[in-house]
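In what follows, chain A forms one complex with chain B and a second complex with chain C.
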Partner chain A sequence: MSAFKLRIVFASLIAATLALMLLDIAIGAVDIPMSDVWKSLTGGNVDPSTSLIVRHIRLIKATVALLCGMALSVSGLQMQTLFRNPLAGPYVLGISSGASLGVAIMLLGSAWLGISSPLGIVTAAWIGAASVLLAISAVSTRIKDIMVLLILGIMLSSAISAIVQMLQYLSHEDALKSFVIWTMGSLGEVTGPQLAILAAAVSAGLLVAIATIKPLDILLLGEQYARTMGLNLRRSRMIIILSTTLLAGTVTAFCGPIGFIGLAMPHVARAITRRADHRVLLPASALVGAIVLIGCDLVSKLLVLPINSITALVGIPVVIWVVLSNKSFSA
Partner chain B sequence: MIRFSNLTISHAPDKRLLAGASAHIPAGSLCALIGRNGSGKSTLLRTLAGLSRPESGNILIADTDPYKTSPVKLAQTIAVVTTERIRVANLRCRDVVALGRAPFTNWIGRMRQDDIKWVDHALGLVGMAEFADRQLSSLSDGESQRIMLARALAQDTPVILLDEPTSFLDIPNRIQLINLLADLAHNHGKCILFSTHELDLAISSSDSLLLIDSAGIIHLPAPQMEDYLHANAIFS
Partner chain C sequence: MNLKTNTGIAAILLMAWILISAHGCTKNRPSAPSADGYTEHVYTPLYASGFRILGAKGLESTILEVTDPWQGADSVVRRLFISRNGEQAPHDGIMSAITFPARRVVCMSSSHVALLDASGAIDRIVGVSGLDYISNPRIQAGRDTIGDVGFDGNLNYELLLSLRPDIVLIYGVNGASPMENKLDELGIPYMYIGEYLEQSPLGRAEWMIALGEIAGTRKEAEKAFAVIPEEYNRIRDTEWTDTPTVMLNTPYGDSWFMPSTDSYTAALIKDAGGRYVYSGNNSGQSLPVDMETAAILTAQSQIWLTGSQATTIEGLHSSTPKIRFSGMAYNNTADLWESGVACPHIILKDLAAIFHPDSTAGINDTAATLRYYYLLH
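Our next item is the complex of A and B:
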């Protein structure tokens, strides 16, 4: 693909992102005319309750979808290149299971501990996700073979899931329902002040991601080659894991484990750009992730369904297509 | 250019591959590393490349000890080509060769005019200039091996190590590749060490051969090595 064509692709992706953002803000449970939506956004003269809905509910939710879509997709791309595995995603190192353990302890254990607060869920998920990744990155500096790290991540996830199941089994119905709803994911629980934290953490993660572009490119040739080309493997792994923690860890803390965006969207970005270098692929993945998650949010609003079921139904066909079109997977 | 002395390499405490080995391969020469399967050819190459530390001994590659230098400095001294076939979708040959400039580019990998020239130069040297915009996955094994060699050349190192570069190639491609290596050594001043099982080809094209066998390491110019192998009925 020529540089000119690439520019057109990126311009179209940015235009689509903005258009979908606007559509996402315009559509919702309450019918608001497009002119009033625009006035609310630009500070024109509208009914205060309309302005409140547009600016404090819909704009926040659309921004959350934008940030989460970018974060999950970039993090998925990083994991796919790091593990040289097209089926890796942001949760492959156990981020979501770590977060779910935090939330499970918070929700299901709060009855025993006698505490509960709305911000508690986010904090608990953050602590859970971050502790799993701290454990993984501590181990990662001592492991030579990256596949061992992948297996450790999967095993750790499974072990944590088992503990979460035990907590679920022992818990009361109400707590169990809150937990199950959390696992379905939601973009609408984030408040204004929380959005500031989410935006700061995701922006930091994306900035660190820029520093992972060169290491990721070199890692395309495998770790053996990467070492002969001057790459400091351990430091690069740490930076990549740090970026993924900031991106996927934050999203999971605020919105629950949203599936398939991180796994599937980097493949869509590859198909659109026909490139493998991360200088192109990383921003393309971010934009595709944002577009698709905002689109999923629209659909979930129209059909009144949890976001996770929508992202799964959108993402699974992509994954199936990847598996079937990959020669090394098919018989 | 490649110099090692008293080199001792072990797989495990009880499995010693080399003991007290020494050799010197000068600049501008092509040297073939031969020996039976499991004799330690790959391990020796990995040790020289700075990838696995020897039990004891001294290594100097272009006056640099690979275990006492930074990864970037090492990558500017030694380039390595392995047998591994890289399979990454959408990866263009130009991008692969450009990765050879990684030790010279900044933190984000920005390619300067000079780096781009090196990439074109390297592609030209291996005769793959027309393949620059083709995808690596669409190439044959021989073409792919040439691209990996171009990547090593773009790294602009005095020393190149290749682990069985001919193993997946057919006979014409093998001969072409070895002739290319000889040309790079003789006309571009590179010091090239490659492991191979192609004894005839190695003897006819290389300047010297390095044999690993039960007696240790023997380094002889090609004609003498031929006589030595016959005299000792090795590989006959």
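Our next item is the complex of A and C:
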């Protein structure tokens, strides 16, 4: 694809992101005329409750969708390149399992452990994700082959799921319902101050991700080749893991595990740009992720369904398409 | 120490920082209790242990104080300031403040609906969580005007805000409600209603007085509640000639949950002159027993309160094919957990009629006029 065409692609992606953001802010459960929405955003004279809905509910939610879509898609891209596996995603290292364990212990386990958690769900999810990161970092310094890390990540996730299942089995139905709803994801629970933290963490993660563009490009050639090119493999690996943790870990802590965006959207970015270099793929993935998650938020608002069921229904066809069009998978 | 470990540590530190700041911003409410002037006991419950209503000398406003509003809470106190006469809320120790009385109430639990109804304030409800699962006829009749705000953890805040609630009644499951932060941000007053933690059936019903205080119908609520212990205790104190053994619940897959011996349901069984068959669980919460134990317990019982999806005896047998039971099986309506919360005397009357069908001592109802249970046949 020529540089000119690429510029058009990026311009359209940015325009689509902005248009969907505005649509997401304009549409909601309450009918608000466009003029009032605009006045609320620009600080004009409107009914305080209208302004509250537009600024504290819709604007925050749309911004959360934007940030989460970018974060998940970029960390998915990083994981796919790092593991040289088209079906890797942001949660392959066990971040979402770790977060879910934190939340499960808080929501389901407190009666068993005899403690009442003074922490909120966000904090519990963070502690869970950080513990998994710590375990993965400790291991990743000792291994040569990245595939070992993939296997360990999956094993760790399975072990954590087993513990979460035990907690679910033994818990009261109200607690169970709270937990199950958490696993369905929610973009709307984030408050203004929390959004500031989310934005800071995602920006930091994206900056670190930009720093990994060159190592990621080299990793495409294979680890052996990358090593002969003089790439410090273990160091690059650690930085990529750090970036993914900041991106996917923060999103999971605030919004619950949101599936399929991170797995599917990098493939859409590849298909649109027809490029393999991360200088193009990374921003394209970020934009595609944002567009699709904002779109999913719109659909989930209109149908009044949890965000995760929408992202799955959008993401699964993409994953099937990847598997079928990949020559090494199809017959 | 090498670079890799340094990066790992840096990541952990960064996460820790975010963690601390995230935690910090959830604590924007002063927590030191200093609603000190409010020492007058406006209402102290006789049976409930989770709430009391306090007043101050020379002031008309009250504080509804709720202690340990979720399971496992240790000395957690939440106070709602109910302002009368334009009086200002104390500076700290108060979670939310409303102006007396709350005219527009959103209920996050169906039991809140029942308690408000019992206190004569059903018309104050403008929103509920899970409208389809509420049995209350007044709520169902008003479906078109009552908003369904969705579920705890994934709430439609926009709709909630558009209902212009004076207060949202919430609950905590093993910890503070995830709604707290967002409600704070939107400036919507809220209060924990912890009635489900009361193991005493009368204590649970007494919460109607707390809800009456919020809605401005406390006097009616006190009057409505007063007859409940009378009726309840009259049935409880009846001398029965027999004590049937009672089995509870049906399994999910192959795990059969049995309530604790000090649970709400166990208390009702005991007070109705029955004997709860399982004495092996005094942990304070429901625990699964294995199918062999459950099979023996069921075989030993004369009465089985199934609490299941099955509405016929064939349905019950096909859902529990390995269980042999020769007694009478009763299922309950969903309303047992809704309006039943406010009517423990009626539940007790039902159970006494089920347990002692031949005795009419003090029981006017026959098995044919049960309100919350029905015979599977």
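The rule we apply is simple: the second predicted complex is superposed on the first by the 322 of 331 C-alpha atoms of A that agree within 3 Å, B and C clash if a C-alpha of one lies under 4 Å from a C-alpha of the other, contacts with A are read in each partner's own complex, and residues count from 1 in each chain.
Everything that follows uses one rule, which is that contacts are C-beta pairs under 8 Å (C-beta built on N, C-alpha and C of every residue); 3 or more make two chains touch, one makes a residue touch a chain.
Not measured: the values here are computed from a predicted model.
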Joint occupancy of chain A by chain B and chain C, clash or fit: fit
Which of chain B and chain C A:Arg274 touches, first, second, both or neither: first
Per-residue contact with chain A, leading partner among chain C and chain B: C
Contacts of A:Ser12 with chain B and chain C, given as first, second, both or neither: neither
Partner chain(s) touched by A:Met229 [first = chain B, second = chain C, both, neither]: first
First, second, both or neither for A:Ser158, with chain B first and chain C second: neither
Chain B, chain C and vertex chain A (Cα centres) - angle in steps of 10°: 150
First, second, both or neither for A:Ser35, with chain B first and chain C second: neither
Touching partner for A:Ile197 - first (chain B), second (chain C), both, neither: second
Three-chain overlay, closest Cα atoms of chain B and chain C, distance in Å: 14
Overlap of chain C and chain B interfaces on chain A (superposed complexes): none
For the chain B and chain A complex, residues of the former touching the latter: 49-51, 71-76, 78-80, 82, 84, 86-92, 95-96, 99-100, 102-103, 105, 107-109, 155
Touch list for chain A against partner chain B, complex: 210-211, 213-214, 217-218, 220-222, 224-225, 227-232, 270, 273-277, 279, 326, 328
Chain A partner contacts - residues on chain C that touch it in the complex: 2-5, 7-8, 10-12, 14-16, 18-19, 21-23, 25-26, 28, 70-74, 76, 150-159, 161-162, 164, 171, 173-176, 178, 181-182, 184-187, 196, 255, 285-288
Sites on chain A touched by chain C in the complex: 28-30, 49, 52-53, 56-58, 106-108, 110-111, 114-117, 119-123, 126-127, 129-130, 133-134, 137-138, 140-141, 169-170, 172, 174-175, 177-178, 181-182, 184, 186, 188-189, 191-194, 197, 200-201, 204, 234-235, 238-239, 241-242, 245-246, 249-250, 253, 304, 306
